[in-house]
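Structures incoming, each one as structure tokens.
What follows is chain A paired twice: with chain B in the first complex and chain C in the second.
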Partner chain A sequence: MQAIGDWFQRLYETTGLNFSVFYDAYDWGRYVGGLKMTLLLSITTIVLSLIIGAVGALMQGSPSMLLRLPVNAFVVVFRNTPPLVQLFFFYFGLGTMLPAVEAAGMRVPLLSNVQWAIISLSLFAAAFNVEIFRSGIEAVPRTTIEAAEALGYTRLKAYVHIVLPLAIRVCLPALNNNLVNLLKTTTLAYAIAVPETLYAVKQIWSESQNVFEMMVVLLATYGILVGILVWLMHRWERAMHIPGYAR
Partner chain B sequence: MKTAGSEQRLAVLLPYRPAPTRMSIRIGPLPAAILCFCAVMAASTAWAQTGPTMLSPLQVIVKWSPLLLRGFAFNILISLMAMLLGTIAGLGLGLALLSESRLLAAASWLVTQFFRNAPWLVLLFFVMFLVPFQVTLFKTTIPLPDWIKATVGFALPVMANVAEVVRGAVRSIPSTQWEAAESLSFTRRQTMWLIMLPQCIKRMLPPWMNIYAIVAMSTVLASIVGVSEMLTLTAQVHAAEGGRPELFAPLYGFALLCFFLYCYPINIWTARLERRFRVR
Partner chain C sequence: MATSWTPDQPIVQCVDVRKSFGALEVLKGISLSVRKGEVICIIGPSGSGKSTLIRCINALQPISSGSIQIEGIEVSDPRLDKLALRRKVGMVFQQYNLFPHKTALQNVMMAPIHVLGQKRAEVEARARALLAKVRLAGKEDTYPGELSGGQQQRVAIARSLAMRPDIMLFDEVTAALDPETVKEVLVTIRELAEDGMTCILVTHEMNFAREVADHVYFTDRGVIVEHGPPATLFTAAKDERTQQFLSQVL
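Right after this comes the complex of A and B.
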């Protein structure tokens, strides 16, 4: 570790390229903190959006109008409005309406900015996931569902054990796309002062005056994160592949 | 005359099953939007401790709507310009992706992947901080206001996405057409411009409009880097009205409504075009 720090220190002294994160322990700590927050945001929003998406798709396929209507409205509204405005609406609009709670002698909002970011981003991605899952479910042959019914599966059990596993395989490429998009959208949390990577890096560059170098670090960070996600999804896709089904 | 299918049916009474209704009814765009807006209004007025001198949230919005709508028009202008720039650059990049030169194809692939995989906000910061606020060309100084830089910042990801769309569309055309063109002694350039691209326009239109809707929604990101577009104005209006917390929801709700009314028709139209041009 020391050698890397020394190398970047020397790089700064010889060329003037100031990658302060790699030799300054304080900057490094902030950067890693931001990275952790980005990972926390991405993992929680991915999991939540998948759950909401699956439940939404189940509700959308139900025969009851009362269940379908709210889901359709949710999808239409969240797909056609900017995620940043949604975030502001939730954090400023709804956040100020909620009652504050007493914690450690101070009045703090019921939900912190991190929690609002998670809620808002999950809902945004879930609206797309509902549509993606629906397209997958529609691709499951009607005969398969009939076979499940013949075997005595209830609607819910057939959905969980038969339709969803097949649907996920069909819609994985589209899902992959949306999750990458979600990972990139987590940068929006910057706007409500969630200390994620972009926020941390901006703090570093405004103190160390190394905008260009930190920008390179920032882009590389997101490039690597997206790369890891895509690699994982491709592995998953290959592991889930059923020979002879959907290509 | 009976059809063959009905004769082969066994004479058993099938259990009653209601006809499956899947996704037949979609909520209309306007009712949904107005419903949401009204709900927000109702919720916000329930909280408001409106004194006699204070304006209600609705009055505030009516009072400031000319300014806010001007901000929204600015958003649309930015999105249109970014789309124009991005499409021209993306067409070039897409053709470079398809070029026969290995080096050019690899380089343009790298550029495309880079701009597609970087978050929009990060690219926006990239352009805002690293492009100077004025450039001197042949001794004439051209100032670059922040909104022009923001437009370029949005045009970069658009370029990469359009490039992928162009590549995908050209690839989707049967390779026999290339051979046919070759046998008619078209050069590669002629084949591309006279045969391939005219056919691709139809296929490229729906994804291109999708990209446009995304750009239109992304223009609000410019408020983070200080361009005075709709969201910045919304925050300023809120401050001007005394910074009452119950005004946040209606004001941001109004912004949501504006974008919804703009983007939803585009989305519907895209879906309709997609259905019509579906490649079977």
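Right after this comes the complex of A and C.
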């Protein structure tokens, strides 16, 4: 580790390229902190958006208008408005309307900016996931569902054990795209001062005056993060492959 | 409403069953009854309502009027307990409709575990026995997509039997099969019939109907034109439409 730090220090001294994160412990700490926040945001919003998306798609396929209507409205609202505006709406709009709570003798907002970012981004991505899951569900043959019905499956049980596992296989490529987008969209949390990677890197370049170098680090960071996500998704796709199953 | 049913009464009782899709009346007053252990075949030209009738029997489609009773359970009752009905009635489809993401064994095991909440170990033993019974021992871990049509259909039969139904419905189960695999499926059904399973078959296999059926119903344009034991119906049909149909298919 020391050798890497020394190398970047020498690079700075000889060429003027200042990758301060790699030799300055303070900058490194801020960068890692940002990275951890980005991972927290990405993982929680991916999981939450998948759950909300699956539940929404189930409700959307329901015979009851009372269940379908709210889901359709949700999809329209969150798909037709910019995610940054949604984030501002939640944090500055709703956030200020919620009562503050007493914590350690201080009055703090009920929900922190990190929590608002997670809520807002999860809902944003979930709206797309609802539509993606729906495309998968519609690809499951009606006759397959009938066979489940004839075996006594309820709608919910058939959905969990038969429809969803088949639908996910159909919609994985589209889901893959949306989750990649979601990971990149976590940078919007910067706008409500969530100390994620972009925020941390911006702080570093403001103080160390190394905008270009930190831009390179930033782009490489997201390139690698998305690369890992795509690799995981492809592994999942392969694991879900059904022998002899052709669509 | 479940009335008290005793095994000496018909296990399936259809009375004046009517079914319309919009303005199109598909079933125009069908009445038939099946006794426990009986095998009945429903034959007739395409579009005569055969498949609709057996789909109505296990409430996959609601009927417009009339009555269908399965062991005294009224299928058209709006408060029908569908699970109770489907525990009694198994159904096999033309297109097999296996769950493609599960192996043959898992296909057979799923419903008893998920729907009836039975223990996995017990269900697995029964499922393996059923697969052996339909001559698919050794194919337990094979996925439906890797099986032939005839093999898939036999898995579908085993899957239905795993629920221990009292009645089996077969909806043109050999219609999508290659001629050489039709036989293996028919052998399986025949063995079931010989074991005393109550079977209702919609079929185009006239020779099979003649051999296994206790009673054959000929339907055309939503009505039962004629019915009787196969020996009578196939050789001495009284109605002109029946004669015409049989002369075309035999």
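Going forward, the second predicted complex is superposed on the first by the 244 of 247 C-alpha atoms of A that agree within 3 Å, B and C clash if a C-alpha of one lies under 4 Å from a C-alpha of the other, contacts with A are read in each partner's own complex, and residues count from 1 in each chain.
Note that in this section a residue touches a chain if its C-beta (ideal position, glycine included) is under 8 Å from a C-beta of that chain, and two chains touch if they have at least 3 such contacts.
It should be emphasised that the depicted structure is a prediction, and the values quoted were computed from it without experimental measurement.
Of the two partner chains, chain B is the only one touched by A:60; chain C is not.
Look at A:243: by the touch rule set out above, it reaches chain C but stays clear of chain B.
By the touch criterion stated above, A:73 is placed in contact with chain B alone, chain C being left untouched. In the superposition on chain A, contact of A:235 is made with neither chain B nor chain C. Between chain B and chain C, the partner in contact with more residues of chain A is B.
Shared-chain residue A:187: touches chain B; no touch with chain C.
Contacts of A:10 after superposition: neither chain B nor chain C is touched. Contacts of chain A with chain B, set against its contacts with chain C after fitting on chain A, share not one residue. Chain A meets chain B in the complex at residues 60-61, 63, 65, 68-69, 72-73, 76-77, 79-86, 88-89, 92-94, 96-97, 134, 138, 180, 184-188, 190-191, 198, 202, 211-212, 215, 218-219, 222-223, 226-227.
Those residues of chain A that touch chain C in the complex are listed here as 141, 143-144, 146-154, 157, 161-162, 165-166, 169, 240, 242-246. Chain contact summary for the complex, chain B toward chain A: residues 18, 20-23, 25-27, 29, 32-33, 35-36, 40, 43-44, 47, 114, 117-122, 125-126, 129-130, 213, 217-221, 223-224, 231, 245-246, 248-253, 255-256, 259-260, 263-264, 267.
Those residues of chain C whose C-beta lies close enough to touch chain A in the complex are 58, 60, 82-83, 86-87, 89-91, 93, 95, 97-101, 110-111, 114-116, 143-147, 156, 159-160, 163.
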